[in-house]
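Down below is the structure, laid out as structure tokens.
Chain nomenclature is as follows: A, B and C, assigned in order of appearance, with residue numbering initiated at 1 for each chain independently.
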């Protein structure tokens, strides 16, 4: 179908941007989120309280509003491109949710594990690294898989910043060919594929590293 | 102009926008419930072909961005001559989206109750239909309230994207104000504050309702947590 | 007693309160090398808390604790280093769930004591053999019975060459038929000269191998003495009442 031959280049151009935005947002979100989580669990009352407030606010606001605010702040202050400002903004938003996931996972590890590790002379740091984190990691995978799908879908929001990701490309296509439904359907199909593959992949990972019991 | 003067101009307009936000959120939540509950029942008790169909609906709407769903309905359908107003498009897109997520919460609740309760109901001679109607459904509702109240809060957050198709909710009003007064950061933060207040109050209210009505038990996965 | 008594654990006037409730009201105790001390008393009277105060998993509000001459309550002391030679066995086993039994034992040897992997593996296997579980080296804790888990936990502590072993109700979470295998290991340790402090209700164990029974109630030591005295003709009626009760049940 000639529709496809015209459509596919648009899709591919947009897809690489979409994937890059997702990768940056998810990756940096994981980094910030982990640091936030560890500070919230082991960081002492004041710091933990402050960070919890910060995370609560980030999670209470609409993502698109946060994106616009953060984009405005980042693009003005640091003078980054729309791609980077948008991706960073999504990363900050995701880090709030990921810190909740990781914090929950750390706290799901039974308290006795830390006691046992300390009782054989491990320092707090070693105990966290060798005993707590390997177990927390396994608890974190199902909810993280959910968050990964959310970030994939949220990457569509950078559309409003003019970033030429897949949704924006679809809009260009439909402006040229007056076939908006075809365009957006293709976009929906791509997103569906991305979330599907991600969820299945992470399910498989979870099964592979499951602790035998 | 001073911030206070700006507030006097902006707040009344933001209030109107907030009412629209509530309207959209409320309608979509209801549509979502009207769709979600039957879909959940179909997935647990329905014949194979029906289950297949509704699972497809749920997977598609949960696996694609709500923004894309919105554009498909508002910008895409006119390709076939079907045109919906911004409001209707919003209700349809977000309503369908919410229905998919709500069906998951209800499904979780139904499945959590189903086994033992169904056995007990059948063992006193009830038909499957009677059991579903008199035993499963009343309990499933109460079981699902925590997840459902989380969905209510999510609705308020998600409804903000409809500003893109010119539905005059809060964010749309904000954009209008900014184009007139160039007060970008202040306006955004103002709107942000309003959202925080609204969601904070909603959360308190819903927690209270939850506390008074729920059956303690299974925790069912929520949309964003 | 032919040779001079070396004090391994010295507890001096330790107090601990949780909120308004005072759980330890000035406990003082000396435990000498080779002694097997059994702490008994009603639940919630601070016995486990006292044990955790020894290796500072719980920090006392006041009072001092020495182990092998080192004051552990001194904030300047390197507590991690000190804990290397204090073994602790928990009621809930607390095996590292994500590691095989062998790795459970090797973890401390490699990362705390700095052993090379092969050396650690040999030692770990030796300890597993000692508790009779060499054939379970590649299993995960989730695949073991309660008694097996506890024996692995004991092996994990023994591998660090402790000078004193602390047992916090080691058999309380076990099904009755699994208690015996753990008590056997503990008895062998006692007979072999290990200094042990045990919180337990297993009076049979106390009667057979311990050198001193300490009866605690309401955060204080009520009475202590050798098993013969405590079980057969204690000074205080309360002691007789309590020990009589648990002798009946065990």
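Before moving on, here are some points about what is shown:
The criterion applied here is as follows: a residue touches a chain if its C-beta (ideal position, glycine included) is under 8 Å from a C-beta of that chain, and two chains touch if they have at least 3 such contacts.
Bear in mind that the values here come from a model prediction, so they are computed numbers and not experimental data.
Listed here as common contacts of chain A and chain B: no chain. By the count of C-beta pairs in contact, the leading chain pair is A-B. The greatest centre-to-centre gap from chain C, using C-alpha centroids, is found for B. Of all chains present, the one whose mean CA position sits nearest the global mean of protein CA atoms is A.
Chain A and chain B have centres, each the mean of its CA atoms, that are 22 Å apart. Centre-to-centre separation between chain B and chain C, using Cα means, comes to 55 Å.
Note on chain placement: the centre of chain A and the centre of chain C lie 46 Å apart, centres being C-alpha means. Residue ranges of chain B in contact with chain A, taken from their complex: 59-60, 62-69, 71-72, 75-80, 156-161, 164, 171, 184-185, 188-189, 191-192, 195-196, 199-200, 221, 224-225.
Within the complex formed with chain B, the chain A residues making contact are 57, 59-65, 68-69, 72-73, 97, 100, 143, 146, 149-150, 153-154, 156-157, 159-160, 167, 170-171, 174, 178-185, 187-188, 191-192, 195-196. Across the complex, chain A is touched by residues 55, 57, 80-88, 90, 92-98, 107-108, 111-113, 139-140, 142-143, 153, 156-157, 160 of chain C. Residues 110, 112-113, 115-123, 126, 130-131, 134-135, 138, 211-213 of chain A are the ones touching chain C in the complex.
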